[in-house]
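Each structure below appears as C-alpha cells.
Each of the next two complexes has chain A plus one other chain: chain B in the first, chain C in the second.
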Partner chain A sequence: MKRLAGIVAVVAGIAALAIVGIAPPAALVLSAVCAVGGFYALAGLAEIESRPAVVLTPALFAVLVLFLWEVLTRGFAIPMILLPSPGIIGAAFWQMLPELLQDVRQTVLYAAIPGFLIGTSLGLLAGALVDRSPFLQQGLLPLSNFASVIPIVGVAPIMIMWFGFGGESKAAVVILITFFPAFVNMVAGLGQASRIERDLMTSYAATYWQTMRKLRLPAALPFLFAALKINASLSLIGAIVAEFFGTPVHGIGFRISAEIGHLALDHVWAAILIAALVGSISYALLAAAERSVTFWHPSQLSGRTRPRP
Partner chain B sequence: MQTISPAPNSAPKHVNAVIESRPASTAAPHSSVVSVNGVAVSYPSAHGIFQALSNVSLDVARGEFISLIGPSGCGKTTLLRLIADLAQPTSGELRVNGGTPNQARTDRSYGYVFQSPALYPWRTAISNVMLPLEIIGLSPTERQQRAAGALAAVGLTEAAGRYPWQLSGGMQQRVSIARALSLQPDLLLMDEPFGALDEITRDKLNLHLTDLWRERNLTVIFVTHSIPEAVFLSTRVVAMSANPGRISRVIECPFPQRRTLDLRNTKQFLDVSQEVRDALSDAYADE
Partner chain C sequence: MNNVMTFRHTVPGWLRQAASIAVILCIVLAIWSVAATLANPAPSDPEPGWLPANWWNDRPILPSPPQVAVATWNGLFGYPVSSPRSLIFHAGVTLEAALAGFALATIIGIALATAIVHSRLLDKGLLPWVIVSQSIPVLATAPMIVVVLGNAGFTGLLPKAVISASLAFFPVTIGMCKGLRAAGSAQIELLHTYNASGSQIFRKLRWPAAIPYLFPALKVAMALAITGAIVGELPTGAQAGLGARLLIASYNGLMLLMWATLVVASLTAGLSVGVLTLIERALPRFRASQ
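== the complex of A and B ==
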C-alpha cells in the first residue's frame, strides 16, 4: 500500500514538473497528489529501522520539499523577487560558482576561520585561568553569561572604524562573538568531573596538569564541542553580517548586500545557499569529530548501548 | 596459601601466589599502620558548629581488617578521608606508616576505593587500572603488566578491553579495586564499596576481598552499613555513633584468617553480630 503510494507520488511528481509550464492548474493538482502520496510513503519508510532507510528518509523528504517549492512557485507564478524556484536558484548558483568560491575564500578564510580560532582559543584559555580562581569564577561568570546574550554583531561598524574595511575588522567581530561561548563552556566543562573523580586524583597525589589532562579536560570535552559547534555557526553569521557594513568587493555578505541592490534575488539566494553549505559542512565535521572523541558520553551512547548507570 | 614453603619445584601452580603475596613474616608483628590520636573534626554549619568527629583514637596494626560501622553522620567516611589526607582534622594527630597522612598520600602508600566505582568512562577497564601507574610515571610495558595482574587478581582479565558502561555494577567496583591494588599498596581504604550492589554480588565480592586481604597481607579499613559484612570481613569492628561522631565500641571478630561464607551460619558469628548490633542500637538510641 505504502509502496504503491510512493510509486504514484513519483509518477505524479514527474508529470507535474513536465506540464507546469503548459497547464499550471493541472500541475498543481498532480503535485497535491504527489505530496499526499509522498508523505504517506515516507511515513512508512521512517518506521523501517535499516541503515539505508535511516539515510533515505530525510533525503527523500528534502527532495519532496524541493519539488513542492518548485511546482508551487512556478504553478502560482510567484514573482522571483519574492521567492525564486529551486531550479532558478540552482542555475544562478552554477553560473556564479567561480565568484561564490572567491566570496567563500574572503569570508571564511580571512574572517570566519581566523576569528573562530583566535576567539575560541582566547575563550578557552580565559576559562581555564578563571577556573583556578574561585573569586574570578564567581565574579566573571554571571557577567559573561550576560555578555554572551548581547548581539555583538552590532559592534561591526565600530570594528570597521578600528580595523578598516578588510577581513581584519570581520575577524575582530568574530573574535568578540566566539569568545564568550568558549569561555562559558570551558568553565562549565571543567566543573564536570565529580568530587569522587577528583578525590581519586588527589589520592594519587596527581599534579594540577595531570588532573587536567587525565580527568578534567576529557570530562569537559562534551562542553568544549558544544562551544565549537556554536562558534562554528556564529563565526559564519558574524563574518557575513559584518560584511554588510562595508567590505572589499568579495565576501558572502558583500555578495548578498550588493545583489539585493540590483534586485537579483536569484543571486542572493545562491549566496545564501553557499553560506548554508559551508556552515553545514563545518558543523558536520565537528559533529563527526565529537562522536569519535566523546563516544563515552551518555548523549552519544543512547541507542548504541546502554548508558552508564 | 599462607603455608606454602619457598622450596623450589614444589607446588608449581602456587608460584604466582607466592610472588604476589607478601610473606607475613617480613612485617613487624605489631607495628601500627594507622594510628589516630584524639582527633576531632568540626566545621561551621547553619545550626552552629557541627562536630563531625570528637576525640577519636584508633590504632590499626599491620594485617588487620577494620570495619567502621554506624549511623549516617557518625563520621566514618570522614575518618577514612582523614587517614587518606583527603580531609584535615581540626585537632588531634594521625600517623600513617609512621608519617603524616600527607606523606603517605604523596608516597602513594594507600589505595582508596570509593563509594561509587568512579571509573573514567573514556577509558577501558585496563586503561582505568593503569591510570595511577601513569601518574606515578611507570613505563608503558610495566603499566600494562601490572594492570593486567591487578585485573587478574579480581578475576576480570576478560573484561580488560571493555568500557565502564559495558560492565555490570559489581564488575565496575571490581575494576576500581584492581585500580587501587595496581599501586601495590599495603593499606587499602574502602568507603562502602559494595553499598550499591545486590546481596549475591556482595557476597561474592566479600569472599574475593577476604582472599585478597589474606593473600597479600593487606591492612584494610572498610566503611560499611552492613553488620554481617563487617563481621564477616573484619578482625575488629569499630561501632561509631553520631552527634558528635565518635567511637562507641570496638568488637573483636576472633575468626580464622581464611573465611568462607559458611562462617556466617556459626554460633560464634551470630554472637559477634549480636554484639555489634547491640553496640549500634546504643549508638542509634543516642540520636
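== the complex of A and C ==
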C-alpha cells in the first residue's frame, strides 16, 4: 500500500514538473497528490531500521521538500525577489561557480582556516596552562560562561581598523571567536581522567608529559573534537559576518551583501548554498576523523543503532 | 604549605571563586594596560594626571581601560534614555528584537521537537537536517531576510526577530528532542498501565522531564538571539540598535564608540542570560538531577 503510494507520488511529481510551465493549476493539484502520497510512503520508510532506510529517509524527505518548493514557487508565480525556485538557484550556482570558488578561497583559505588554526591552538594551549592551576580554574568557569554569550563578532569593525579590509582582519575575528570553545573544552577534557587513573600514573613514576600523552589527552579527545566541530562552523560564520563590515572584492560575505544590493536573490542563494556546502563538508570531515580516532569511546559505540524509547 | 591548606579549608567556596575571578580580571587588565601604553601615541596636549598621557588619546588605537569605562558610562548615563546617543536606547531596540525572536524560537523549537518526538517520519526525515543545519552559517542569510521581508512590507522589528529566531530555534529544538525523550521507557510503560492518553503522558511525564534540558537550551538560544539581532541591524543601515551603532562607529572610525557599544552588547547578553539562570533557579523541583 505504501509502496503504491510512493509510485503514485513519483509519477504525479514528474507530471507536475512537466506541466507546471503550461498549466499551473493542474500542476498544483498533481503536486498535492505527490505530497500526500510521498509523505505517506516516507512514513512507511521511516519505520524500517535498516542502514539504507536510515540514509534514504532524510534524503527523500529533502527531495520532496525541494520538489514542493519548486512547484509551489512556479505554480503560484512567486516573484524572484521573494523566493527563487531551487531550479533557478541551481542554475545560478552552476553559472557562478568559478566566482564562488574564488569567494570560498578568500573567505576560507585567507580568513576562516588561519583564524581557526591560530584561535583553536591558542585556546588549547591556554586550557592546558590553566589546567595546572586549580585556583585559576575556579574563576574561569563563570568567566568563560560569560564570554560564551558575548556577541564577539561585533569586534569585526575594530579588527578592520587594526588590520585593514583584507583577510587578516577576518582571521583576527575568527581567532577571538574560536578561542573560548577550544579553551573551555580543553579544561573540561583534561578533567576527564579520574583521580584514580592519575594516581596510577603517579605510581608508575610517570612524568607530567607522559601522563598527558598516555592518559589525559586521549581521555580529552571527545571534548577536543567537540571544540573542533563547534569552531569549524563558528569560524565560517565569523569570517562571513566580518565581511559584512567591509572586504576586498571577494569573499562569501561580500558576495552576499553585494548581490543583495542588486536584488539578485538567486545569486545570494547560490552564495549561501556554497557556504552551507563548505560548512557541512568540514563538519563531516571532522566527524569522520573523530570516529576513526575515538572509536573506543562510549559516545561512539552506543546510540546509533539502539532504538529510541 | 600549611598556610595554603588553611586557606583552602577555612575560606568558603564562593569567596575562593570570587578571588579567582578577581585575579584573572586583574591579569587581563594588566595586559590590556601595558598594551594600551605601548600602542597609543601620546596626544599633543596631554592632560595632567597620574595616568599615562597616551591613555587619554582622543583617537586611540587601543583604548585604555579607563577610557572604555568612561565612554561606556557616558554612553549609558550621559544622555536621556530617549536620546539617539544613549546606548541604553540602542540596547533597548536590539533587546526588543532579540526577545521577540527568542520567543518565536522557543515556540517553534518546542513545537518542532514535540512533532519530531511524536512522528517517526519527522524523526527520521527532518531531525537529521536540523542537526546538519548546525554546521551551516545560517547568519549568512541575515541580509537576505532583511531585504526580502522589506520588499514584502515588513521593516523594523520583524526582520531582526526572524533572524534571531532562525539562529535560536536550533538549540531549543535539539535540547527539547533530548528532553522529551528523557523520560525512561519504564516510566512511559507505567503510565500506559494507568491507561494514560498520549496528551496525558506528554503533560505529566515527558514535559516535566524535559524542563532540565529546556533551560540550558534557552540560555544558548538567548545568546544567539542577541547576536542575531545585532547582525540583523548591519545590512540595511538601520537607524537604531547596537548593530547600527557599531556600523556608524565603524564608518566614522570612532574607536571609543565601538568599544563602548561592545561592552553594552556584552552586558545586555550577560544580563538576559542571567535572568534566565535566575528563573531556572527559582524552579527548584525542575532542577537537573543528573
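Simple rule for what comes next: the second predicted complex is superposed on the first by the 302 of 309 C-alpha atoms of A that agree within 3 Å, B and C clash if a C-alpha of one lies under 4 Å from a C-alpha of the other, contacts with A are read in each partner's own complex, and residues count from 1 in each chain.
Just so it is clear, a residue touches a chain if its C-beta (ideal position, glycine included) is under 8 Å from a C-beta of that chain, and two chains touch if they have at least 3 such contacts.
Note that the coordinates shown come from a computational prediction; the quantities given were computed from them, not determined experimentally.
Colleague: Aligned on chain A, chain B and chain C: do they clash or fit?
Modeller: They fit: once the shared chain is superposed, the two partners occupy separate space.
Colleague: Can A:232 be said to touch chain B (first), chain C (second), both, or neither?
Modeller: The answer is second: A:232 touches chain C but not chain B.
Colleague: A:82 contacts which: chain B (first), chain C (second), both, neither?
Modeller: Once the two structures are laid over each other on A, A:82 reaches chain C alone.
Colleague: Between chain B (first) and chain C (second), which, if any, makes contact with A:194: first, second, both or neither?
Modeller: first
Colleague: Going by the touch definition up top, name the partner, chain B or chain C, that contacts more of chain A.
Modeller: C
Colleague: Go through the superposed model and pick first if A:95 touches only chain B, second if only chain C, both, or neither.
Modeller: A:95 sits against neither chain B nor chain C.
Colleague: With chain A's C-alpha centre as vertex, what's the angle to chain B and chain C, nearest 10 degrees?
Modeller: Between the chain B and chain C centres, as viewed from chain A, the angle is 90 degrees.
Colleague: Taking the superposition on A as described, I'd like to know which of chain B and chain C A:157 touches: first, second, both or neither.
Modeller: second
Colleague: So, A:214: does it touch chain B (first), chain C (second), both, or neither?
Modeller: In the superposed model, A:214 contacts chain B only, not chain C.
Colleague: With both complexes overlaid on chain A, what's the closest CA-to-CA approach of chain B to chain C, in Å?
Modeller: 7
Colleague: After overlaying the two complexes on chain A, where does the chain B footprint on chain A coincide with the chain C footprint?
Modeller: 308-309
Colleague: Going by the contact rule at the top, pick out the chain C residues touching chain A in the complex.
Modeller: Going through chain C, the ones touching chain A are 16-25, 61, 119-121, 123-126, 128-129, 132, 134-144, 147-148, 151-152, 181, 183-185, 188, 219, 222-223, 226-227, 230-231, 234-235, 242-243, 246-247, 249-250, 253, 255, 258-259, 261-262, 265-266, 269-270, 273.
Colleague: Can you check the complex and tell me which residues of chain A touch chain C?
Modeller: Of all residues in chain A, those touching chain C are 39, 42-43, 45-47, 53-54, 57-58, 60-62, 81-83, 135-140, 142-143, 146, 148-151, 153-158, 160-162, 229, 232-233, 236-237, 240-241, 244-246, 252-253, 256-257, 260, 263, 265, 268-269, 271-272, 275-276, 279-280, 282-283, 308-309.
Colleague: Going by the contact rule at the top, pick out the chain A residues touching chain B in the complex.
Modeller: 194, 196-197, 199-206, 210, 214-215, 218-219, 221, 294-297, 301, 305-309
Colleague: Which residues of chain B touch chain A once you look at their complex with the stated criterion?
Modeller: Per the touch definition, chain B meets chain A at residues 84-86, 105-106, 108, 110, 112, 114-116, 118, 120-122, 131-132, 134-136, 163-166, 169, 183.
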